[in-house]
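Chains here go by letter, A, B and C, matching the order in which they are written, and residues are numbered from 1 within each.
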Amino acid sequence: MTLFALDRVTVRLDGREVLHGVSLELREGSFAALIGPNGAGKSTLLRAAAGLIPAEGGISLAGAPLARLSSTARARAAAFLAQEREVAWPVTVKTLVGLGRFPHRGAMQPATAEDRAHVERAMERMDVARLRARPATELSGGERARALIARALAQDTPLLLADEPAAGLDPAHQITLMEVFAELAADGRGVLASMHDLGLAARWCDRLVLLHEGRIVADGTPEAVLTPENLARVYGIEAHIGRANGGLVVQPLSRTTGR
Amino acid sequence: MNLRVPYPVLIAALAVTVALLFGLSLLTGSAELGLGESLSALFADGGSGGSGGGNVVAIVMQEIRLPRALLALMIGASLGLSGAALQGYLRNPLAEPGLIGVTATASLGAVLAIYTGISAAVPLALPAMALAGAGLAVLLVQLLAGGRGGALTLILAGVALTSLAGAMTSLALNLAPNPFASLEIVFWLLGSLADRSMIHVQIAAPFILAGWLMLATLGRGLDALALGEETAASLGVRLPLLRLLAVVGTASCVGASTAVAGAIGFVGLVVPHLLRPFVGHRPSRLLLASALGGAAMLLLADIAARVLAPDEDLKLGVLTALVGAPFFLWLVVRTRRRLA
Amino acid sequence: MRLVTGLIAGTVALAAPAVAQAADGAAPRRVVSLNVCTDQIALMLAAPGQIEAVSRFAVDPKASVMVEEARAYPTTAGGAEDVFLRRPDLVLAGSYTARATVDILRRLGIPVVEIAPASGFGDIAASIREIGAALGAADRAEEVIARFEARLARVPAAERTLRVALYGANGYTEGAGTLSHEVVTAAGFSNIAAEIGIVGIARLSLEQLILADPDLIVIGLDYDSPARAQEIFSHPALAALADVPKARIAPAHWVCGTPHIVEAVEGLVEARDAILEGR
């Protein structure tokens, strides 16, 4: 089943066209990375897919046009992890992760056993269970990032849209994160995450979507997308591309001239 | 910084405090009345009659003290609740109910009623014009901030409106027809619950209750909003609706409060701030706690105003600021020490 | 009940002829006044025992010129509860004082007569007449008015019109349409505020004050120390006015529109004559 589909989506921010007629589909069981240089439109694409900003063109979520879904139905279909790791109040980590259950609970309903189980599982997955009683504002940057990812996991949606989830994590937790997202895909969910670490993306994602100046310029397996030509044309870099432990290894080496 | 008090215990303690202060407020007044006498008079017949023949103590209890205590309760709760709601919505602990311009415009409406002499000619013209001012504030703020605007535009629109209404209030004060009118305007602006009647309760109650209902629905949305507007929207919070309810709910209950009691500051700022650590900083839980805390604080202030200076008609707004401002400074110093 | 009050009122009327029948029947017997101006008029008109309480300002020499008379009565802070418990059958209030208190007392069925602040001598007579009617003392009111007007008429005219500046706290002055304006006019002065077109209360700028070159400056403030009275003239630009005679008339004498305002007029006439005689 298609988890989300963008059909010639154009987005203007402050009158400037940021996405130019982008079409993209994500099916269940896929962990796709959205890559591209700064300003390529990755965050804009993720926000448009989540219905957070006005966009022209067709956007559908869980097979239904976005406009016809209620806000709760949207929130049950797709979780969104924002790039800004904002936590306004010093609520505990457990309370923060519990916010992921928002679309599953009515206004006056207390948390159910199922809610609690999802929160526990999400905290364990992101290794923040032992921080449960700590105020979220007092965590380190990486810890807070993990708590916020756990919040998105607790939302328990078929689709996860994550904006730079790996940024600021130490290597061990980056790998944990990739494993968790791969597990979600293996469970039949879909993940679309924007990433800057090409090595991480190449190694863990089954699909890469390369965005350049508001257009998708390559879409496919890591091998098909991370070609020397694409890297030079889009990023303006030269990279070592090899294989190790059964996966692709990408290590940027130098800038190409003329950029 | 999270002070561990179970939420039901906190709410129960605050509710008991409010109940006790409400009772104490009923027992405070220039007439020396015994406890039993007062309480039986409160429920006696014949309270709502004319001066002829009625039970004097019953009239004092039912027509003079009861409305005053009820208004302190309702207005204090409104200020605490809307302060908590706005701080939650704007994610800023310095937000207070006056921020969106309602207090200033409601005051302006009241001042115009005094200035033009309508308040003396037509009973209830003052609260009616103050309510109209609050209503106008909502329209203008929504218009200025735009349908989809975020928190910042709301603050800016509120600040602009407050300045404008404040300037017009000063102008009315400058142009007042005689020194007595100026004095009445100044006194009114300081806020007071003295000699309010059941009619004031009846005028304010529908708006205050409507405001409470609107603000009470915000809790979950405010919790989610702690993670930012985008994340909240992705969790299913309808932000335009949330803002509309926050603004209209605040305007409704604070506008009605200002209409009958004048501008009473600091309660809406200090109370949520004070209680936040006791509810684990959760905006949803802060709403009820702040409403009760605000009611307790205003009841206490109004009792203090009568006990400390029975002959002076000490203005409530003055008293809340006198107590609130040093307390707030203490909070600031404590916060700074913790951050240092 | 009505018969009894009628009878008592009748006896009182016999004992004190000044207490006439009010239009609607018996004269009130328990009158509470909430305003320092209505206090003083009531003290002039009321029959013995008719006043239940006066405002606490009635015994404050800064606000009232009838402190001695007022001391005979209890004072009230003016709260509805306190007033109500005195069981008044008439409450006198100023139309700008205690709006909420007046509203709640009316709601409790107590008749309240509100007297607007006077902005001229005509208003004084009207206030006296209104309070006289409410107290059932219409005849006495006419006597008081007649005495007031006669005394006012005896104020000697000036051989030459001097020009006066009314100057109060923060540079406020009073122009046409105010009681103070009428007082200085009655004393044979020309009010410079009115000359430059000020109506009501407004600020008089230093420039206007100096350019107007008044013959007398009246400081309408009750300063505790003479030093503070001079403070408002400490501005260097006002050195030019150092030699202009200054008169101080305590606000108690002219804040209220009562017959005592004549004393303010007479005080100004004295100052006027002193200037004209070159003293």
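For the reader, a short list of remarks on this structure follows.
Keep this in mind: contacts are C-beta pairs under 8 Å (C-beta built on N, C-alpha and C of every residue); 3 or more make two chains touch, one makes a residue touch a chain.
All of these numbers come straight from a predicted model, not from anything done at the bench.
Placing every chain at the mean of its C-alpha atoms, the farthest one from chain B is found to be A. Of all chains shown, B has the CA centroid lying nearest to the centroid of every protein CA atom. In whole angstrom, the spacing between the mean C-alpha positions of chain B and chain C is 38. Chain geometry summary: the mean Cα position of chain A and that of chain B are 44 Å apart.
Distance between chain A and chain C, defined via averaged C-alpha coordinates, is recorded as 79 Å.
Put simply, chain B touches chain C in their complex at residues 29-31, 49-52, 56, 59-60, 63-65, 114, 119-120, 123, 126, 176-181, 183-184, 188, 192, 194-199, 310-313. Against chain A, in their complex, chain B makes its touches with residues 1-2, 91, 217, 220, 223-228, 230-231, 233-238, 276, 280-283. Looking at the complex, you find that chain A touches chain B at residues 47, 50, 52, 70-72, 74-76, 78-82, 84, 86-92, 95-96, 99-100, 102-103, 105, 107, 135, 148, 151, 155. Those residues of chain C that touch chain B in the shared complex are 56, 77-82, 84-85, 87-89, 94-101, 103-104, 106-110, 114, 117, 119, 178, 200-201.
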